[in-house]
Amino acid sequence: MNVHNPNFLLMVEGLTVSFDGFKAVNDLSFYVEPNECRVIIGPNGAGKTTVLDLICGRTKATSGSVNFKGRELLSMREDQIVHAGVGRKFQTPSVYEDLTVFENLELSYPKGHSVFGALTFRRDDKVKTRIKEIAETIFLEDLLNDKAAYLSHGQKQWLEIGMLLIQDPELLMLDEPVAGMSVAERKKTAELLNRIIQDRSVIVIEHDMGFVADIATRVTVLHQGKTLSEGSMERVQNDPKVIEVYLGH
Amino acid sequence: MESSSNRLFSARDLIGFAVLIAIIFVVLPIALDGFRLNLFGKYLTYAFVAVGLVLCWGMGGILSLGQGVFFGLGGYCMAMFLKLEASTPENTSIQSTPGIPDFMDWNQLTALPAWWEPFNSLFITLIAVILVPVVFAFIIGVAMFRRRVGGVYFAIITQAFAAILTILIIGQQGFTGGVNGITDLRTLKGWDIRSEEAKEILYFVNGGLLIVCLVIAQYVRKSKLGRLLIAMRDQEDRVRFSGYDVASFKIFIFCLGAAFAAVGGAMFTLQVGFMSPTLVGIVPSIEMVIFCAVGGRLSILGAVYGALLVNWAKTSLSESFPELWLLGLGGLFIAVVMVFPNGLAGVYAEHVEPRLMALLGKSKAAAPDSAANETPAE
Amino acid sequence: MTDRKSPKTTIRQMPEPSRRAFMAGSAAMTAALFAPKTLFAADYPTEAVNTTGLAVTDDTVTIGILHSVTGTMAISETGSVQAEKLAIEQINAQGGILGRKIEYIQEDGASDWPTFAEKSRKLLVNDKVASVMGCWTSASRKAVLPVFEQFNGMLYYPTFYEGLEQSPNVIYTGQEATQQIIAGLDWVSETKGAKTFYLLGSDYIWPRTSNKIARKHIENFLDGAKVVGEDYYPLGHTQFNSVINKIRLRKPDVIYAIVVGGSNVAFYKQLKAAGIDMTKEAPLVLTISVTEDEIRGIGGENIDGAYACMKYFQSLDSPNNIAFVQAFKDMYGEDMVIGDVTQAAYLGPWLWKAAVEKAGSFDVDKVREAQIGVELTNAPEGYVKVHENHHLWSKTRVGLAKADGQYEVVFETADLVEPDPFPEGYQ
Amino acid sequence: MFSDYTMNELGAIFAMQGFAGLILFSVFVLMALGLAIIFGQMGVINMAHGEFMILGAYVTYLTSNLFADYLPSVFGLYFFVAMILAFIASGALGLFVEWVMIRHLYKRPLDTLLATWGLSLILQQVYRSVFGAREVGVSIPDWMMGSLPMTDMIEVPINGIFVMVLATGISLAVYFMMYRSSWGLQVRAISQNRMMADAVGINTAWTDRLTFGIGCGVAGVAGSAFTMIGSTGPTAGQLYIVDTFLVVVFGGAASLLGTIASAFSISQAQSIMEFFLSGSMAKVLTLLTVVGILMIRPQGLFTLKLRK
C-alpha cells in the first residue's frame, strides 16, 4: 500500500479523521499526478478544508495514509512536510501584518530555517533578486516596503500566494484563492494562477465554477467526507449525483 | 528600508544606545551618591529580565510569569560560591562544624552536600550561573512548546513553577538557607564586595553586562529570527507552513530570556549581598513583567527605562507615602495595559519624537533630550 | 531525674550582684520614669556627644523605624511601629535624650528582604540615624545584619526568634528560643504531667529551630517524655485537616504549635471544628507563636483554653504594665491589643535612651559598650537587664487563652531566665 | 508506622482522612468555580479572584458585627444573610470592573492578566486602609464550630459538612445556569463564536458583564464560607490564586465537569500525601505532579476536541 507509484505525486488512501465521533473525512482516497491541477469542490461541511489540513499536517488523521513522493506525510511535522515540497495557502489570507511585504516574502525564502540559520541569515543579492522577481509575479513590486497590514484583501491573497511561490513547492494547495475578491482582482488572480500551476501539481478548493472550468485538470467532488464523483469537469458536471447534492440547488 | 533594516544599528538605534550608555556610565554616576548609585545598580539587574521579556513576550508572544525562577537560579548559583568563600573555618569557628555555611550548621548538617562542592570553583560557578537556568528553561520549553502549550496556559504553568521552587527552597532550608536566603556574603576571590569602591565597580560591570545583553538582543531583533518571532506571534500557523519548526524558535528565545535573567540574578547577588526566595516567587516574577510593560514590550531600550522608572518610583514613593505605593503600582499596571499598551517607548515614539523632530528638524539633536524625559530624574 | 538538673538546661538565675542591684534600684528607676531627672543639651555639647557624624543637632536626635507597613508582614509589624512611636513620644515628653528630642524617619520594608537591606542602608548612610528600631522576621534581620555591621549601626530587634546569632550591632529585646521554650515545656511536664508531644510548625527557620530545641529538651531532659510527631506546612497554608487527623491518631498530651500568620487562623479554627476541645486537659495546646495580636484574627472563642509561652501578656497585673496599656490605648484607641512583640518593641527606645545617657554620648561604639548591663526596672514586663550577649534577661510566663482574646497568666518563672543564643546541649 | 494501632483505630483514621480529603475537595471546588466560569467561558484571566473572595469574607465580617449589635437573638443565622450579601457585593464589583476594564481587553487575554493583577494590588490596599492591616476575626455561630460524633472514634467537623453542602449546592446552581438556562446557552454560544452570537442577536456585551459578575459573585460566596476555616486579611486572597488556577487549568478550562474532577484528584492526592509526608513536601509533590501531567496533556483532563 505504501509502495510509491511513480505515476502519482500524491497518493491519499483510506484517509479518515473523526472529531468526537463525527467523521469529517471518511475513508477518502484520491491520487494526484505530476503537473496535474486538481480541483476539490463540494457543499459546505463536505470536508474540503479538512482534507488539506490533513495533508499538510495541521490536523492529525485518525487513520489512513498520505504518500507524497514515496514519503508518508502523516507521521511528519508541519515544517518537515513543507520541506518535503508541499505548500499550503489558507482560506482567509494569512500574512504577517506587522511586517513589510519584503519581509513577508523573505521569511518564506527557503533558507535559514533552523534557529542558527535564522540568526546568521544574510540578505544577499540573490535573496533580493528572487524577492523582486516574485513581487513582480504577484503584482506587488511597488509595495515591497509597505506593511502587509495596509494591503487590500486581494493583495494579501496575492502576497500569500507569493510566499508559497518563493518556496517553489512541488505540490501547491490553495484554499479558495479568489474568495472575497473584486471582479478585476479575480481576473488578475486567475491569470496568476494559470501561470504558476504550469510546472507543478496543484490542489485547489474553489466554488467559482467558471474559474474551476478554466484551470482544472480533474475535479473531485466531496460530500460528507467521501468522494462523490471524480473526473473531468465535464464528466462531473453531468453526474446526476453531483447535480443532486451540489450543482442543482 | 530593505538595506537599513539589514544593518545591526539604524541611526535611530545608535542614538538610543548612545543615550542609554551615557545615562548609565556618565549621568547616573555623576548625579548620584554611592548609596543611590548602588540602588540604581540593583534596578538595572531587573532590566536584564525585562530585556529578556521583550524578546519572549513582546516579540514572541510568550508570556512567562516565572522569570523570577531564572533570576533566582542565577542569583543562587552566585550566592553559593560567595557563601562558601565567606564560610572559612575561621569565620565560622563558633559553629559545631566550622567551615560550612552557617545555615547548614543550624540544621545539623555536618558536611557540605556534594552538589555544593562544584561551587567552590569560580569558573564552574560562572558557567553554572548561565547553564543551570538555561537547562531548566530548556526542559520547560521542550515540554511545553513541543506540545504547543502557549498563551495563558504557559503563563499559568510558569507561575506554578515559581510557586514550587519557592516552597522547595524554603522547605529545604538546610541546603538552601530557607526563607532567610543566603545572606552575609562578603568577598569574591578575596575582594570585599561590601566596600564602597567595590559597589561602584560592580555597578559599572553590571552596566557593561547589560549593554552586552542589549547588543545581543538587538542582534536577535534585527536578524531574521527577530522577524520570525513577530511573525510567530501573529500567525503561528503561517510560519509553520512556511517550513519553520516553531517550537525550536520558542525554546531558543525562552532560553535566551532565561540566560539574561540569570545574569541579572547573579549581578543582584553581587551588588545587594544576598539572595532570598522572595526574589523567586510569583510576585517578583509578575513585577518583572510590569517593568517590561511600562518600558514598552516591544522596545529593548524601553525595558531598561521601565525597570529604572518603576523601581525608582517604588523606592521614592514608599519613602514618602508607603500606604499609597500599592495603589500607585496597581494603577500603573492598569494604565499601561489600557492606555499605553506600548509603554514609555510607545509614548515616546508617538508623542515626543514627532514633536521634537518638528521642533528641531533633526533627529540627532532631538534624541538626547527626549530620552532624558524618559529617565527618572534624580 | 538527675538529668533534669543539668546545668545547661535549668533556668539560670541572675548573678547575685545584679539581683541585689535590682532590689535596690527598683524604686529609684520607677521614680525615674515618672519624674525624670532633666538633662540639658547645653551640658552635652553636640560635638562631644556625636563624634561620628550622626544625625544629632543641638536639640534633636534622629533615629530610624524600619518595619513593614505594606505586604504580608504588615499585619504583625503594625503593633511594633505603634509601640516604638509611643515610647519615643513618652521619652520626648520627659525632655528627650541628653536634652534632645527624638525625631524619627520611618521606612517601609514592604515585607521584602532586599527592600529591608536597601532601606537600612539608606537610614545608616544617607540619614545617619543614631539607632534603628526595626525588623520583625528573621529573614529581614538577616538581610540587614551585614549592613548594620558594615556601617556600624545599632538595631533594636523586638521579636522572639530562633537564636543562633549574636551581633555586636543588634540588641535583641525579644526572647531567644531557649528562653521562651524551656520554661514552658518544664511547666507543662511538671504541672500537667505531659509525656507525649506533637510538634507542628510553619515551614521556616524559627519554627524548625524552636522545635529542634523543644525536641532535644523533651527527649533529653524531661523524664520519660517523647515526641510522637513533627510536621511543617508552607507559610500561608490553610488546610490542616490532615495533620489534625494525624494528631488524633498519635494522641499526644501536648500539641506544640508554632504556626504563624494566616495559617494560624486556619489551624485553630479547624482544630476547634474538628472537636478537639482545648479547654480539656488532653490534648492541650501549647504555642509560642500566638500573641494577643494574633488572637484578634483567630477569634478568642476559637483558641479558648490553649496555653501560650512567652515573656509578656497584656493582662499582666503590675502598675508598670497597667500604665503602659493605658498609655497605648490612649494613643491608638480602646480596642487596641498588645502582644509580646509589641511590648518588646516598646523597650527598644528606652533601652537605647538608658545606654546613651549612661555613655553620655550618641556614638555607636560608646553606646554599645554602655548598653551591657543596662537595666529597666519599670518595663511593662517587669525588670529586664541587658546580658553581655546583647539579649535580655527576662522572665518567661505561661498564659491561658480566654474567649475574650486575653491571656490569664498561670505561671511565671521565679527568676529571670538567662538568654543563651548558642545553647550547647541543643545543637 | 501503623503497627502501634488497632484495626479499629486505623479504620477510623482512614475514614476521617477520606473526609478531610472531601473537605479539601469542596474548598477547591468553591475556589475554582467562579474562576472556571470567567476563565473557561470568557478566556479572561482574573488575577484578582482571591481579592473578590476576600471581599466576600469582609462582607461576612461586617454582617456578623451588624447582627451582633442589632439582632443578637438571630445571630446563629447571620451566615446565610452574609453569603447572599457577599454574592451581591462581589458580583456588583465584578460588574463594575467588567464595565470599566475587562470589556476593553477581550482580544488581549494576557493583558487581562496584568490589568487584574493591578486591580488586586489596589483592592489589597483598599482593604488595608478600610479594615486595617491586621486580620479581622469573624465570629462564627456556635452551631457551626463543632463536630458530629459518628462513632466513638470518628468525628466529623460541622463546618466541613457545611462547606461540602455549599460546594454541591453552588456547583448544581452553576450547572443549571450554564446548561439549563437561556443565559447559559448564550454564554456558551459566545465562547464558541462571538461574532456569530452577536449576529444572531445575543446581547454579547451584557452577557459578558453578567458572566463576569456571576463568576465574581461565586468567588464572594466562597470567600464568605472560608471565614470558617481560614483568615480574613488584606493579603489573604493571594494564598488561593495558584491553587485555584491550577485546578481550573488542570481540569480543562472550558469544562465544568473537568474543574470538579480536577479539584477531586488534586485534593485527594494532596490529602493522602499530607498524611504520609511533611506538609511542605506534599504540596511540592502535588504541584509537580499537576504540572507534569499538564506538560504531557496540556489541554487538561476534560476537553472538547474541536475542528479548527
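Going in written order, the chains are labelled A, B, C and D, and every chain counts its residues from 1.
Heads up, the rule we're going with is that a contact is a pair of C-beta atoms (placed from the backbone, for glycine too) under 8 Å apart; a residue touches a chain by one contact, two chains touch by 3 or more.
Just so we're on the same page, UniProt names per chain: A = Urea ABC transporter ATP-binding protein UrtD; B = Urea ABC transporter permease subunit UrtC; C = Urea ABC transporter substrate-binding protein; D = Urea ABC transporter permease subunit UrtB.
Just so it is clear, the model here is predicted, and its values are computed rather than measured.
Colleague: Looking at CA centres, what chain is most distant from chain B?
Modeller: A
Colleague: With centres defined from CA atoms, tell me which chain sits nearest the overall protein centre.
Modeller: B
Colleague: Express in whole angstrom the distance between the two chain centres, defined as the mean CA positions of chain A and chain C.
Modeller: Comparing mean C-alpha positions, chain C is 76 Å from chain A.
Colleague: When the centre of a chain is set as the mean of its C-alpha atoms, what distance in Å lies between chain A and chain D?
Modeller: Taking the mean C-alpha position of each chain, the two centres sit 48 Å apart.
Colleague: As a quick test, compute the distance in whole Å between the mean CA positions of chain B and chain C.
Modeller: Their C-alpha centroids are separated by 38 Å.
Colleague: For chain A and chain B, let me know how many angstrom lie between their CA-based centres, rounded off.
Modeller: The computed centroid separation for chain A versus chain B comes out at 44 Å.
Colleague: By residue number and range, which residues of chain A touch two or more other chains?
Modeller: Counting only residues that touch two or more other chains, chain A contributes 58.
Colleague: Would you give the residues of chain C that are in contact with at least 2 other chains, written as numbers and ranges?
Modeller: As it turns out, chain C has residues touching two or more other chains at 69-70, 203, 232, 234.
Colleague: Specify, in ascending order, the residues of chain D that touch 2 or more different other chains.
Modeller: Each of 125, 128, 238, 278, 280, 283 in chain D touches at least two other chains.
Colleague: Show which residues of chain B lie in contact with chain C when the two form their complex.
Modeller: Against chain C, the touching part of chain B is residues 33-35, 38-39, 42, 94, 96, 102-103, 105-108, 167, 170-171, 173, 178-181, 183-186, 194, 272-274, 276, 278-279, 315, 318-319, 322-323, 325-326.
Colleague: Flag every residue of chain D that touches chain B in the complex, lowest number first.
Modeller: 39, 43, 45, 101, 104-105, 108-111, 113-115, 117-122, 124-125, 128-129, 238, 241-242, 245-246, 249, 278, 280-281, 283-284, 287-288, 290-291, 294-296, 298
Colleague: Per the contact definition, I'd like the list of chain C residues that touch chain D in the complex.
Modeller: These residues of chain C touch chain D: 69-72, 74-75, 78, 203, 231-234, 236-239, 241-246, 248-249, 261-266, 269-270, 272-275, 293, 295-302, 405.
Colleague: Under the definition above, what is the set of chain A residues touching chain B in their complex?
Modeller: Listed in rising order, the residues are 56, 58, 77-79, 82-83, 87-88, 90, 94-100, 102-103, 106-108, 110, 112-115, 118-121, 123, 128, 144-145, 160, 163, 167.
Colleague: Can you list the residues on chain D that touch chain C in the complex?
Modeller: Against chain C, chain D makes touches at 5, 9, 13, 16-17, 19-20, 23-24, 27, 125, 128, 132-140, 144-147, 149, 155, 157-160, 226, 228-236, 238-239, 270-271, 274-275, 278-280, 283.
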